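Common to both upcoming complexes is subunit A, partnered first by subunit B, then by subunit C.
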Partner chain A sequence: MFWKYGLFCSILTGSIWGLFWQIICTMIGILTIGEKLYVNVVPFLIVGSLISVIYVFLQNKISIKFHLLSIIFMVLLIYSFTFGDPFLQKKTNSISTFLLVVINSFFTWISIYLSLKQINIGKLSRYNLEKFYLRLLWGLGLIILILITLLPFYIMIMTSLKNQQSLILNPLDLSLNSTSDLNVLFSSYIELFTNFNFHIFLFNSFLVSIITVFVTLFFSIPGAYALSRLRFPAKEWFSGSVILIYLIPSIVLVIPLYAVFSQLGLRNSLFGLLIVYPATTIPVALYMLRGYFNSLSKEIDDAAIMDGLSRFQIIIKIAMPLSKPAIVSVALYVFMIAWNEFLFAFMFLDDTDLFTLSRGIVSLNSSEIPQQHLMAGAVIATLPVMVIFLYLEKFLISGLSSGGVKG
Partner chain B sequence: MASIKLNNISKWFGENHVIKDINLNIIDGEFIVLVGPSGCGKSTLLRIISGLEDLESGKILIENKDVTDKIPSDRKLSMVFQSYALYPHMNVFENIGFALKTSGINKEILTQKVNQVAETLKLKLLLNRLPKELSGGQKQRVAIGRAIIREPKAFLFDEPLSNLDASLRIEMRLEISRLHKKLGITTIYVTHDQVEAMTLANRIVVINEGKIIQVGTPKELYNRPKNLFVAKFIGTPKMNVLECTTINGNVYFIDKINKKTNIRCNNKDIQKIGFRAEKIIICETKKASFIGYAKFIEYLGAEQFIYVDVGVKENFVIVKEKPDIKVPLNQKLGLKISQKDIHFFSKNDTRLN
Partner chain C sequence: MKKNIQYKSSELLRKEKKLALLLILPTICLVLSIVLIPLIANFWISFKPISLGDLRPPTLIIKENIRGKLSKSGEIAKIHYRYRNSSTKYDLNEVIFTDFIPKGIDIREIKQDTICSVESNKLICTLGKLKAKSSGKIILEVSRNDSWVNIDDNPKKHKPIASFTTTNILTSFDFTLENFKKIFSANEFWQVLKITIYYTVFGTAGALLLGLFAAQILQKSFKGRPIIRGLLLFPYVSPVIAVAFAWVILFDPFSGVVNSMLIQMEVIEKPINFFGQKFVSFYFFGFELKFPLALSMVIIFEIWRYFPLSFLFILAKMQSIPEDIYEAAEIDGATPLQQFYFLSLPFLIGIIATLFLLRFIWTFNKFDDIFLLTGGNAGTRTLTVNVYEQAFAISNLGAGAAVAVIIFLILLIFSIFFIKYSKKETI
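What follows is the complex of A and B.
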């Protein structure tokens, strides 16, 4: 079978990475340089395959010098195969194009080197073959995933930093403005906070989210503990049906709730939201925490009872410290739900003073307000959650309960 | 230190009657071992005594005071669990001192007491460690320390050694025994391991299917088992049990080799006879009580176990012999046993002699 041979593997790797990085570099070029670049398939395929075949033949002589030489060689190859015009710009070469080609060669070479490590030309053993294909797919998957997640962010942030004129001139040009004046660069943000009440929205969102987190935890920790440890009638039925609320789309709930809340005078208030939000988050919190409490040893609870603790003391002194990772992740989850919640905020809130961020951003969505303001609003809404998530990540990973029970 | 009385204790788990009308008197300072196969209800009984499980009917008396309706901490008992159940987020010092701390004791006295306990259990150098940084044996010692510090009326042990490896188990067994001698506190100890039961107990309580089968000293249980269950449960290797009949007071095995044995029994209800492996002596076929063919030999260094086919279907007689005796395989072998070492059992497995 031809696909079991190292030569084929190297040609495959070279052509895939050559093409892949060229597409990405073209994209990067378009987004950062702001010129029209085109994907040039055939030459890059050929150069990639050539280089990877060379690598496979010469891999025993690898040194840093060899790496450098092959990258330089690849740049030369690209220029010669494309007749000096790698991205079909039909004009004399600029430094930026040259830089792109260098970046392209560098990443292509590194990718080829990483996926073809220890692969020889002849027929490959089963182990090496599997290793090779896994490495190739893993690398491709990883880079595609990174791109998919980072690209929208990049576009969002860059658009928010542009001004109206340059956006209309070339919507695809997402390079940074050459001005060094911060007031000009962040004009959209300044505008949002001074003229569009975003500081109030931000405060409202924080208030609602944090109170939702505390209310949810206040009810779900004892609730989950009871479901996990105590015996009471209809327990199984109850713990099963709690999650049922998620079978009902919130759009179905919002209409009757709108009517009821209007009559109770809860509609145009943050307090109304603070009733709805915990009601939607408590079931999941209950479910997640119950699962975690179940994984904790029941004998520890017994020991605590023998040591004279009441059930509430056990929750506070034993169960909560032990389930810190679970509580943190539940808190984070609830915070994100409340922070991002839109439907209820949209239906319930009328006063600008009460808007949460998601509701506030939507109020920007009219033809009079420029696109970069919207993007700046989105950045303001995203950043806090990202920061909190990155900060709390280490808590999520740490497994505190390990080692306390058994040998 | 206290006596504990259990009066007609019954417990149901839904439809399952797990503890059936148990009565037990535990004397002050006694080391009682509850033993039985897994699922027999011994752990449940212990949890009932501790108060962690409530009961449907019956009474528990500690020092002749009814504690049936009291919460666990008011019974002043302390318990050591199979999984140690140390608090993972507290270090050794806090683990040992936790019960006293919750009862609101003065800090200096607490420190003093914890240090004293740590001294007894050789935990002095480990006081600042977290449970996950301890070995299995050390964890178990901390768990015991946590039990000791409260100066309880009785200790309850729930299979405390079953998570330890073999050599450590023997070491800890000795330590528990020593501790009991030193402190003299009433101890109730649950295990499924009959060796542990034999070595530790003043009295053993054998439980099966929620009922007490026999209560007695290890010697009594070994030499005069009340029924076949106890006979088979206590002792390694298991007691040899063979089906038999009697004609005119002579015992016959239901087999193809031994038409007749020189064992005599006048009780006509006899259906099974039992004898311990170490009571059988290999001898000439003429003097033998019965004969058989050696099929397998397990050499253990200090002794050897000989598996003898006496013709009873799928039932070898195990003979314990000195290691230097050479036994030929697949040849006729005379086995001798004296009348006083034989246990006779009736149709419903109760002891006859």
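What follows is the complex of A and C.
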């Protein structure tokens, strides 16, 4: 079959990467330069396949010089095959489009080089063939995965830094105005903090999340210790029901809680949220901590009892210091849940003074408030979680993977 | 001696039991009161004819008015008390209202002297039963006397106080099957159920497959892998509100990047309202195919947001598979696909199944995402959004609770299935 031959593989690789990077570079060009660019399919397919065939024939002579030369050759090929207008702009070329072509050539070449390693022209064995196709898929998959993951975040940040006129003028131009000063650049953020009470929302969110973390830990550490170490009747039953409670959705709880909290006067208050949040996070925390306590050796406890420590002392002096990583990850995870929580904040809070960030951002979602304010709000809500996440990623990942099926 | 030890150990056991209960009881109480009791309350409410307005308990509204002047001694005026039952549905029982009569005025006449009397500076009116919506008036004729000293002697200064008993709809024994009848008879319900199933099945399976794919990609070690692993978790850790609105703006029909880009690249002519259009029609060999656009977008969002989770679990599991199996397979000449199919997959199947069940339940429960993206419009109303819609948009709390009961029952079936299965396979 033809698709088992190295020559076909190289042509396929070349055309796929040529087209792929062409599309990506056109999009990058549109979003950063702010000019009208078009995807030019055929020439790039041809150039990509040509280059990859050349690579397959000359791959034994690879050196830095060879890389450089091929990239330059590719740039020349692109310009000649597109008659000097790679992105169909119908006007004389600018430096920026030239740069795009160079970037395009560079990435196409690197991709071809990486996916065609050790491929010869002739028929390939099944092993090599699979390896090749998987490598191609791997490269494409990795890049696409990163792009689709980050695109909404990119849009979020860039939109928040634009102003109304330029957004209406050209919604695609998400380039940064390097000339404008910081006050203009961050005008949406300044607006939110001065006119939309975002400092209050931010404070409320932090307050609620941090108290939730402490209350959750206060209840769940002793509880998890008991579930892990002590013998008592119906212990299995308790352990089992923890995970069940964890599966009950908040939407089922929201109507009765709304009704009862309304009548008790707890509804429009942060205190009400501070009752509900820990109750929903404690089962998760209990489940995670119990698992960690189970993995600690029981002999330490026995030794401590011999030394005359009470159980409370054991929890404070032995179990807690030993399970610090687990406690940190539970704390982070709970913080994240409380910070991101939307439903109860939305249903319970009516007064602007009490809004958490989630609730506050929903109030920005109206036709009277410009988009960039909404996106600035979204960035403000995302940033603390991201900072914590990047800073303590290891902890959070272990937290996520031990209890994070919820969400 | 032996008996003594036995006694002591049982004593120890008893102490341990006590301590364990002490440690775990607060947790149980809190979780019971916020999770389990509301759950039962939800069943209760679902059988009640209760609307959002009923949460404000009925009260007696009294307005006091003075007709005439009381500026100097001897002047005569009339005090009007208008009272009204604030509720349009519920009666007030044993209604009594009292008002303080200051020393500075004398009561000359009470028009309704059959129900009102004066006892030591206090006007007491026994109104008895007051039907829903009903109102009435009490008129006093008063005159100012010489002991009027200051502003405190003005009768307006003292607010009338009402006391009454009423039936609280939440606690009364007034039940109905109307909510369930209404929900099941509505045509829409089966549509909602169908959409929920589509959303749950495709959302869960999609997120799981993408997660599996991502885990395969990140399994290979390369430069910058830890950073990329962190990046791929972003959609999951960031607040739903932020990412949902980012998607809405990204796909906005008027100023969204995707629409502008597609128009500029001449893929489409008119902007597409991705989150607002129920169907797009395709013509395939003359047949019209309807593709549910908004629902698919919501499912894609779900996949995008939750693939990191499956990715994380599957990657963790894959890294726990011993390397040497692969080395041995390599020596035996197994191709990469064979290695994946015969080595990795059997290791992963347990975690994939568990993840599928758990994620299935959680996708089924999902409310925020759809609510923020489409508000449940354009054919994306799932059961959870329907709870909100019934209870808070149409203000029929009872019907909302009835939908919630249905959700809970379906969930119960899933959970039983899950528990049965998870006994064999745990995360």
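Assume the second predicted complex is superposed on the first by the 362 of 407 C-alpha atoms of A that agree within 3 Å, B and C clash if a C-alpha of one lies under 4 Å from a C-alpha of the other, contacts with A are read in each partner's own complex, and residues count from 1 in each chain.
The criterion applied here is as follows: a residue touches a chain if its C-beta (ideal position, glycine included) is under 8 Å from a C-beta of that chain, and two chains touch if they have at least 3 such contacts.
Note that the structure is predicted; figures quoted are calculated from it, not measured.
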item: Which superposed partner A:Glu393 touches (first subunit B, second subunit C, both, neither); value: second
item: Which of subunit B and subunit C A:Val213 touches, first, second, both or neither; value: neither
item: Partner chain in contact with A:Gln263 - subunit B first, subunit C second, else both or neither; value: second
item: First, second, both or neither for A:Phe153, with subunit B first and subunit C second; value: second
item: Contact breadth on subunit A, by residue count: subunit C or subunit B; value: C
item: Subunit B versus subunit C as contact partner of A:Ser250, first or second or both or neither; value: second
item: Set of subunit A residues, in rising order, touched by both subunit B and subunit C; value: 400-401, 404-407
item: Residue ranges of subunit C in contact with subunit A within the complex; value: 13, 16-17, 19-21, 23-24, 26-28, 30-31, 33-39, 41-42, 44-45, 50, 55-57, 168, 170, 213-214, 217, 220, 226, 228, 230-243, 245-247, 249-250, 252, 255-257, 260-261, 264-266, 304, 306, 309, 312-313, 316, 333, 335-337, 355, 358-359, 361-362, 365, 367-368, 372, 384, 387-388, 391-392, 397, 400-401, 404, 407-408, 411, 415, 418-419, 427
item: In the complex with subunit A, residue positions of subunit B that touch it; value: 47, 50, 52, 71-73, 77-79, 81-89, 98-99, 102-103, 130-133, 135-136, 139, 146, 150, 163-164
item: In the complex, subunit A residues that touch subunit C; value: 26-27, 30-31, 36, 38-39, 126-127, 130-131, 134, 138, 141-142, 145-146, 148-153, 155-156, 159, 167-168, 170-172, 174, 219-220, 222-223, 225-227, 230-233, 235, 238, 240, 244-245, 247-260, 262-263, 275-276, 278-280, 282-283, 286, 311, 336, 339-340, 342-343, 347, 357-358, 361-362, 365, 371, 374-375, 377-379, 381-382, 385-386, 389-390, 393, 396-397, 400-401, 404-407
item: List of subunit A residues in touch with subunit B within their complex; value: 297, 299-300, 302-309, 313, 318, 321-322, 400-407
